[in-house]
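Letters A, B, C, D, E and F mark the chains in the order given here, with residues in each chain numbered from 1 onward.
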Amino acid sequence: MKLVIKVTGKFFDDLGDKAPLSASIKSLVEEGHRVALVTGGGSTARKYIGLGRSLQLNEASLDLLGIWVARLNAFLMAMSMPDLAYAKVPENLEQFLEYWGHGKVVVVGGFQPGQSTAAVSALVAEAISADYLIMVTTVEGVFDSDPKKNPNAKFLPRVTTAQLKTILESSQSVKAGTYELLDPMAMKIVERSKIRVIVTNVDRIGKITRILKGEEIASIVEPV
Amino acid sequence: MKLVIKVTGKFFDDLGDKAPLSASIKSLVEEGHRVALVTGGGSTARKYIGLGRSLQLNEASLDLLGIWVARLNAFLMAMSMPDLAYAKVPENLEQFLEYWGHGKVVVVGGFQPGQSTAAVSALVAEAISADYLIMVTTVEGVFDSDPKKNPNAKFLPRVTTAQLKTILESSQSVKAGTYELLDPMAMKIVERSKIRVIVTNVDRIGKITRILKGEEIASIVEPV
Amino acid sequence: MKLVIKVTGKFFDDLGDKAPLSASIKSLVEEGHRVALVTGGGSTARKYIGLGRSLQLNEASLDLLGIWVARLNAFLMAMSMPDLAYAKVPENLEQFLEYWGHGKVVVVGGFQPGQSTAAVSALVAEAISADYLIMVTTVEGVFDSDPKKNPNAKFLPRVTTAQLKTILESSQSVKAGTYELLDPMAMKIVERSKIRVIVTNVDRIGKITRILKGEEIASIVEPV
Amino acid sequence: MKLVIKVTGKFFDDLGDKAPLSASIKSLVEEGHRVALVTGGGSTARKYIGLGRSLQLNEASLDLLGIWVARLNAFLMAMSMPDLAYAKVPENLEQFLEYWGHGKVVVVGGFQPGQSTAAVSALVAEAISADYLIMVTTVEGVFDSDPKKNPNAKFLPRVTTAQLKTILESSQSVKAGTYELLDPMAMKIVERSKIRVIVTNVDRIGKITRILKGEEIASIVEPV
Amino acid sequence: MKLVIKVTGKFFDDLGDKAPLSASIKSLVEEGHRVALVTGGGSTARKYIGLGRSLQLNEASLDLLGIWVARLNAFLMAMSMPDLAYAKVPENLEQFLEYWGHGKVVVVGGFQPGQSTAAVSALVAEAISADYLIMVTTVEGVFDSDPKKNPNAKFLPRVTTAQLKTILESSQSVKAGTYELLDPMAMKIVERSKIRVIVTNVDRIGKITRILKGEEIASIVEPV
Amino acid sequence: MKLVIKVTGKFFDDLGDKAPLSASIKSLVEEGHRVALVTGGGSTARKYIGLGRSLQLNEASLDLLGIWVARLNAFLMAMSMPDLAYAKVPENLEQFLEYWGHGKVVVVGGFQPGQSTAAVSALVAEAISADYLIMVTTVEGVFDSDPKKNPNAKFLPRVTTAQLKTILESSQSVKAGTYELLDPMAMKIVERSKIRVIVTNVDRIGKITRILKGEEIASIVEPV
């Protein structure tokens, strides 16, 4: 299968071991899957955006700083898999497609200002006609309301894209960004290309092969 | 001033003279402005998207075909101003910023799948902290409803970004894409960076200096 | 075998199905051949050259517009074979050689002003020491005179490079460009590297494997 | 004059204001100087090298991670001077020379594994035949012994390259890297091209114009 | 004026001073002209082509070796004019146009197999709409027959492109390559774009400003 | 195994057959090894450095001329192995890593001023975690003193890195550069990454498979 794995930038915040992610990807490749990895920026991105803001950079430049940090995280992971991964981090979708054609794992940070890492991962998934977009996040999966606010939020192991859209929109009507899985651009691409999305927690980053087999907690979002 | 001019792809559909656009840009540069030009794809883009669809390309690839045609239109205009314009069409925002630094007119087609030419022009306007984003379209300017549907639609010479957003959303609630000035991504960037937008008709493409002086029909959209 | 297929730009003029070309290439690859494809520009190229001429572009710039359209056709075909073809269209012979080294089908539009697509295909054939250069044209093959002018022109299934040269030179003495298979630059390369050329009609674009086996109408031009 | 300013990565460690560096460069440019800036990696570089080490990356890859962070710092400073600085960070000396030719401030992070930022700044200074290489460090200038170890270390306002070499070599004989101004490669380049070096403290980063006039504490190292 | 200077590779064969060429270009720039320089490969090119031939390289690869040496000569001259010349040698016409836009002297070696340095210089002259293409050769100028064979060959200070074509064709009918000023491709471009050509001897390489004023021996070839 | 072969530039000085080097590499690849080749510049490099010096280029530019010639030698060898070698010569270590990832033989000339070809080969060996760095030189191997000066110099078939360092340092104390196997930068990398080095003579360039098996004269330098 063709898989896109999107990992929250938070994964890179501490000095903890990042090997479980490399190990998961290695297992997937050994099982015959093709994998693209998309990494977020995390707290280092926020540090640099803060430095940029104090230097009065405009929004586009601030986004570019965040993209650079996401690419640094991407480069770290690419270097950790010298036999599996393409040695360069693509800077736009056309480069991604060129590198992908070489049959390697391609690791992506970000592409351009004005879009989230989620949108980047959706673009990548669409471009390769991926079987699944696996979002490794800070939540357990999809809930019917924001679990950080509602202790009775119900976990949804299976949900349609349309249902997720409704949940996200109601959530965002409270406060933008508080429950961000798929921003509008990512959602638009997921919808138009009917991309299947799996949402799971970063704690399970070493168990992605098990997630694909349904042996770990995760929500699956399907186009219907 | 720093200006971004976004021209509808329709301008390139026929074999009519394209010199009025070059002439407008030349005048603006001579008056001391810096100019970035963003071109749409038009009917040639639609032709290639049609060919791609019959070859069963995915959505990302179809968008890339449209982007290539928009870049072809950009290249045509760049070649028509050999002393003013940068000889290469940038393929992403980082390249755009590099070329822009050389002090030339930079002509852009498109950047990546999943976004409109309007979004590209908003990204460019944000990145250079433009004074105005001038949208040269198939309509006269902003109306309080879609003039193609409502013969009593009222022309609005001056409107806030918030008002435009309301108009576009109500319009799109009828049928997506029928009245497309700024898609959601373009709108998001225009809002967050408080970009002033001028909307005018392609018939006035040779009179952009007059539009800036308020001597031609156009709507101006301001952040407050 | 190593094959270069050169397809007339006319193939891309209408909205007809382009899948027979992809299918031919897929068959050739499955039979173990390596394939480079060179596409012409056709009527879209002529449209843009016309637009450029009305903008008073010089000859080099006009040629570049034609090259861009040929590259657009190349990109369309590359996108139609995502598993077989290299995702980028090379812009010069050195890039071509780099991409070719990856073992994929490489699709080429044009390289530089002042040379025909036929010359490009001869350059490519020489650089990879191709077994055959297959020219898919608007004629059935090689005739002893221009079949569009002479109803008694005789079809030649087998001809030497020297004979073809004589025929083309006599033809061109009437009016340059009326019977263009190989322009002087293409001819020079074909001669110096003793490249075998097959000439066939675009109607047989889906049957190139049969042409190689001599089961379809085509002329073969051999160095002696 | 042509100036290369090398800033310790420590400058980027905290969230303090980085504007004094931009301001210094702006003043220098306004006074008619040409400026290249080289930035170190600092604690973020060490964080990523630590992450890489726990992933068992080889030394070359670890150095590349440090280089990426130094480039991130370079990019931050380039974005803070959109009208003065080249928008791209060069990745090797040949790119640097190309960008430098455009008359802009060029900001450099690192070039390749196996060499310090000091060596990078010496390479850059040599390539542009710089008048001064200004090293903005964590020390006040050159001392006759390591001031962190010897409270009686004597500050040397003026010293020859040969003297500095002797001091550094005796210092390094104690423990490599404890007093690193110029590593052997940087020293070799400074010597062969007779580059004049100024050493000052990062506290004076906003006063480089004054340093050049001898109005601030700094040591000057001259080839004799 | 816009000038293209094409210098025979023979100029780079010995260890003699190459400064007169830099000096000529410097004078031309100071007089307000814009200059592109095209260099041949000379004996070093022949050495490498010989090495390549003994390694059984194909014709395209042999030509590429010659192009690399011509680019080495180009790089040498570019480095000798660090304030005037663009620091990179373009590898195709599109790159040339990009670099040319920066207002610098651009130095070119070769572009692709299958064409002479004369053809490269004609392509460059056409692309920038040059006022003159100045060919610095091993002959004094244009003669009515090959002066190396005919001691009575008459020097022609002024000749039309058509006349030159006739002379070259009769000359080449004896033995290809013995009297090569403009090969067919170069001639085709000179003709179609009506480029004025000046032919002079490499002995006068330091006097190009005088040649332009008609104060040194040279032939001028005009489109009529 | 992963092997880096570094060949003295002297190998390219004469017109003798270079096929034994291609043949050695072909054998190594057929035996299942992966190979990177690093070529020196030789007498052609010295010729161009001489031309550059008479044009008063700075040291960085002179080094770049030498690097260009080393790359020309690299390109020659790459072209001689069209099925085995990557068609482009990388210009820095990051490009090298990208090309290396494609599974081909990668041929390198030089990377940047201020470092020897030996340092380049050590960088490459470190970056790919090579099993051996094979230095094909003008000497037979490592001696306990300079064999060109001391007729009683003793050949050392096996030596530690530390011993080699002592020998080189004592040798260089006499006159810099007279006995150059590993300059300080190369030595530093060899030490820090514990790279095993084999030293042999250019006469055995066609017998590298035998050298690896210990069947030809060579010294092996091991980290302890």
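Just so it is clear, a residue touches a chain if its C-beta (ideal position, glycine included) is under 8 Å from a C-beta of that chain, and two chains touch if they have at least 3 such contacts.
Note that the coordinates shown come from a computational prediction; the quantities given were computed from them, not determined experimentally.
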Subject >> Chains contacting each of chain B and chain E, listed by label >> reply: C, D
Subject >> Contact-richer chain pair [A-B vs A-F] >> reply: A-B
Subject >> Copy pair chain D, chain E: interface residue numbering same or different (half cut) >> reply: different
**OP:** For chain B and chain D, let me know how many angstrom lie between their CA-based centres, rounded off.
**Re:** 43
Original post:
Taking each chain's centre as its mean C-alpha position, how far apart are chain D and chain F in Å?
Top reply: 31
Subject >> Of all residues in chain B, the ones touching two or more other chains >> reply: 61, 64, 94, 102, 129
Original post:
Touch graph of the chains shown: is it line, ring, star, complete or other?
Top reply: other
Original post:
Which of the residues in chain A end up touching chain F in this complex?
Top reply: 82, 86-88, 102, 104
**OP:** State the interface residues of chain D toward chain A in the complex, per the touch definition above.
**Re:** 12, 15, 17-19, 22, 44, 47-48, 50-52, 54-57, 61, 64-65, 68-69, 71-72, 75-76, 79-80, 82
Original post:
Can you name the residues of chain A that touch chain B in the complex?
Top reply: 58-61, 64, 91-94, 111-115, 119, 122-123, 126-127, 129, 184-185, 188-189, 192-193
Subject >> In the complex with chain F, residue positions of chain C that touch it >> reply: 94, 97-98, 100-102
